[in-house]
Amino acid sequence: MKKGLCLFFIFVALLIVFPFFFRNPFPRHLLIMIMMYAVMSIGWNIIGGYGGQVTFGNAAFFGVGAYTSSVLLTKAGLSPWTGMAAGCVSSLVLAFIVGYPCFRLKGHYFAIATIAIGQIMMGLFMVWDFVGAAVGIYLPILPQSFRNFEFHATKLPYYYIMLAMFLFAIGVAFLVERSRLGYYLRAIKDDPDGARSVGVNIRRCKLYAFCLSAVLTSICGTFYAQYVLYIDPPSTFGLMISIDLCIISLIGGLGKLFGPVIGSFVFIPLVELTRVYLGSEGQGIDLMLYSLLMIAVAILRPQGLSSLFARGGR
Amino acid sequence: MSGILRLEHVTKRFGGLAANQDVSFAVDRGEVIGLIGPNGAGKSTLFNCISCFYRATEGRILFHDREITNDTPEAACKRGIGRTFQIVRVFREMSVLENIMIGAFLKCEKTKEARARAGEVAGLFGFSAKLDRLAASLTISEQKRLEVARAFATGPEVLLLDEVMAGLNIQEVRETTELVGRLKGLGMTLILVEHVMEGIMPVADRVVVLDYGRKIAEGPPHEIVKDEKVIKAYLGVKYAERRARRSVV
Amino acid sequence: MEIFAQTVVSGLLIGFLYALIAVGLTMIFGVMDIVNFAHGDYLMLAMYFAYWSYALLGIDPLYSLPAVTLALFVLGTATYYLLIKRIINAPMLSQIFVTFGLLIFLRGLAQFLWKADYRAVPHCLLSGSLHVSGVYIGLPQLVAAAGAVVCNGLIFLFLKKTRAGTALEAVAEDKEAARLMGINSDRMFALAWGIGIASVGVAGALLASFYYVFPEVGGNFGLIAFVVVALGGFGSVVGAFIAGIVVGLVEVMSGYLLAPSIKFIVVLGLYLAIVVARPQGLLGKA
């Protein structure tokens, strides 16, 4: 335990000083993406890894977060930070509406339902003129400041904001794991009827987990919108985003605290680098590579790569 | 009928088949009730109705005069009805302590308190040396005991033990009988479904006998073993008649 | 009134095809409790095979249909032996990830080999359309629908009338009991995969006559197949047939009554409604 804590502090320290050793935009961008996907995957892991409820629709919260803050900014001039909070609220509402009826469903049915919901959201936003339909939303270029949540000269502030979100997400996961909810989720995954016989309200637990997952994903949506300054339905509601979250948690270790972190540090560089080096000639090779990775992990090492670190993180 | 737990004309149908038919009895506080009957008599079905895993098709189940027939299993547990399962359902990927903690969490919100409570319960059930063992690595009899401990940690008033002695050797049966006695001593109300007569007859205050879904007899153990209908149900009509003829002669 | 008849006819025609695509999915689930998330992407492969037979060899999709079907049968059984066999008894999570990984792999393969361009067979053997009392019926669509009905019928007959088919149903009912009767469940699983994917091969070849071919084409069809299977009931072949028609009708009608851009959303909404209100679908087992 002590050793784990030490390793963690070293890890955080490395992250803090990273931008000073790597001053080019690309490495910084890479790490921002790694951390963002880690945050979203931590969210996914709470419901999917701990709770055992696989969802392929978490991109819906990413999109809702991104669009809520962007629409509030462009139409009402609200600060993106307020927008981030509003995005969380909208995502929570969506989580409730979706979760309440759907958590009765078993494994496959639920997974397909989440795909359906994700696609429905994409479809709706593609034709909804108020939010730009297929064209999307161009965020206004404002003078750079923390309040405006825009920085143009350098990626550094984005980096540290994301680092803060990353540490926040880890904190949330840490607390959940040790809380009654965390224990209940593991029990539900292990034996749902056994859990019910000792008073566990399965639906309520899954709903809480889902809501946490929604919030963590939603704040990344707002971040992304402010980072890229352009959003459209495919880039925010895309099925691949949802799938990436699953793959990351699977590779890193389902239901393990640092699983999504490890998964993200392995997977995202793979994705970004294949995109850079293979370009359009290799279009599709990246998909093949990580689908093979996904299949291999699912068959050969379902506990994920984090199990290689023995008791690290559990 | 008085009693903290009452079954009134409980019937449970699956399609055309009546697994339980018009079963009524009452349980007083602190009693140990044995629920016996040949295979397929509907004992586990009745348990599932009482613990709300099934909803009775007809009739009522009342706990402290409150109807619980249509409650959810988790609600039944919160009211004070704990249970174990015929095929043991411990949380295999969790440790002994963690298993009991899940039960303890019903009474304790904080993890620290739950862990403390679970530790005490573990001690009561003889698990103090095995707290960190994975539940999947325990023997069947230990797993059954763990299930009872986990249910006990929820602080129930009534415990339903479903064939808790099945598959155990003589020594283990004796230990479990002793455990049942200890639970009774703690003031627990118990209903046990059992096939193992040596285990249940010594401890039960009353025995309810089911056959083909109906209650055919009820009474203290020493009367039940002599009851005509019970003998017929277990050993067959021919045996009962032979026995009757022999006693006449 | 004419327009109504038009939508009904169009809905039926595409519905039969949906039914055919879904039948394979429901069979695989019925026999071994595995949801093949990659189902739509096998359809995509079949469409590409038919397309390339035309583009490179000049063979009309209707003529290449037998070859394509055979190729996909082989692909299906190969998938079973190489991949699915390993996860028969794995936890559901692993099964989901493996078939989903397969989906992504096939899509990546298609993107890599054939790029993202949209392709189409410009003239097929039976092109043009019929004009029956005010209703336009595209000939390729009609042929496709007819082919789908025939194929569905053949599968149904196979399951009910042949020994192999009955054995398949037996394994679907109770794997252990079937094994005790001497049925090799391993071979049955492979057969289920073979037939299931082959049926999608037929559908793909039929579709290639009039539908655009591109790497992501399997996505929507795959999702629609899930809706059909859910409505018909996971595991029920007859259910899939009926449900396919219903979904086809719902899609075309909502496109007409509401708006074409959201007809797919309506179909997905239908899935959610079914699965929440009546999880076992019309005739399902699970």
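Letters are used for the chains, namely A, B and C, taken in the order the chains are written, and counting of residues starts over at 1 for each.
Keep this in mind: a residue touches a chain if its C-beta (ideal position, glycine included) is under 8 Å from a C-beta of that chain, and two chains touch if they have at least 3 such contacts.
Every value quoted in this text rests on a predicted model; they were computed, and no experiment measured them.
Peer 1: Can you tell me which chain pair comes out on top for contact count?
Peer 2: After tallying contacts for each pair, the winner is A-C.
Peer 1: Just by CA atoms, which chain is the most central one?
Peer 2: A
Peer 1: For subunit A, which other chain has the most distant CA centre?
Peer 2: Max centre-to-centre separation from subunit A belongs to B.
Peer 1: Based only on mean CA positions, could you tell me how far subunit A sits from subunit B in angstrom?
Peer 2: 45
Peer 1: Just give me the whole-number Å value for how far the CA centre of subunit B lies from that of subunit C.
Peer 2: Roughly 49 Å separates the two chain centres.
Peer 1: Could you state the distance in Å from the CA-based centre of subunit A to that of subunit C?
Peer 2: 32
Peer 1: Scan subunit C for residues touching two or more other chains and write them down.
Peer 2: none
Peer 1: For the complex, which residues does subunit A have touching subunit C?
Peer 2: So the residues of subunit A in touch with subunit C come to 52, 54, 56, 101-102, 104-105, 107-109, 111-113, 115-117, 119-120, 123-124, 126-127, 239, 243, 246, 250, 254, 282-292, 294-295, 297-299, 302.
Peer 1: In the complex of these two chains, what residues of subunit A are touching subunit B?
Peer 2: Those in contact with subunit B are residues 178-180, 183-184, 186-187, 190-191, 193-202.
Peer 1: Applying the document's contact rule, which stretches of subunit C touch subunit A when the two form their complex?
Peer 2: 35, 83, 86-87, 90-94, 96-98, 100-105, 107-113, 115-116, 215, 219, 223, 226-227, 230, 259, 261-262, 264-265, 268-269, 271-272, 275-276, 279
Peer 1: Which residues of subunit B touch subunit A once you look at their complex with the stated criterion?
Peer 2: Its residues touching subunit A are 51, 53, 72-74, 77-78, 82-85, 89-94, 98, 101-103, 105-106, 109-111, 114, 147, 150-151, 153-154.
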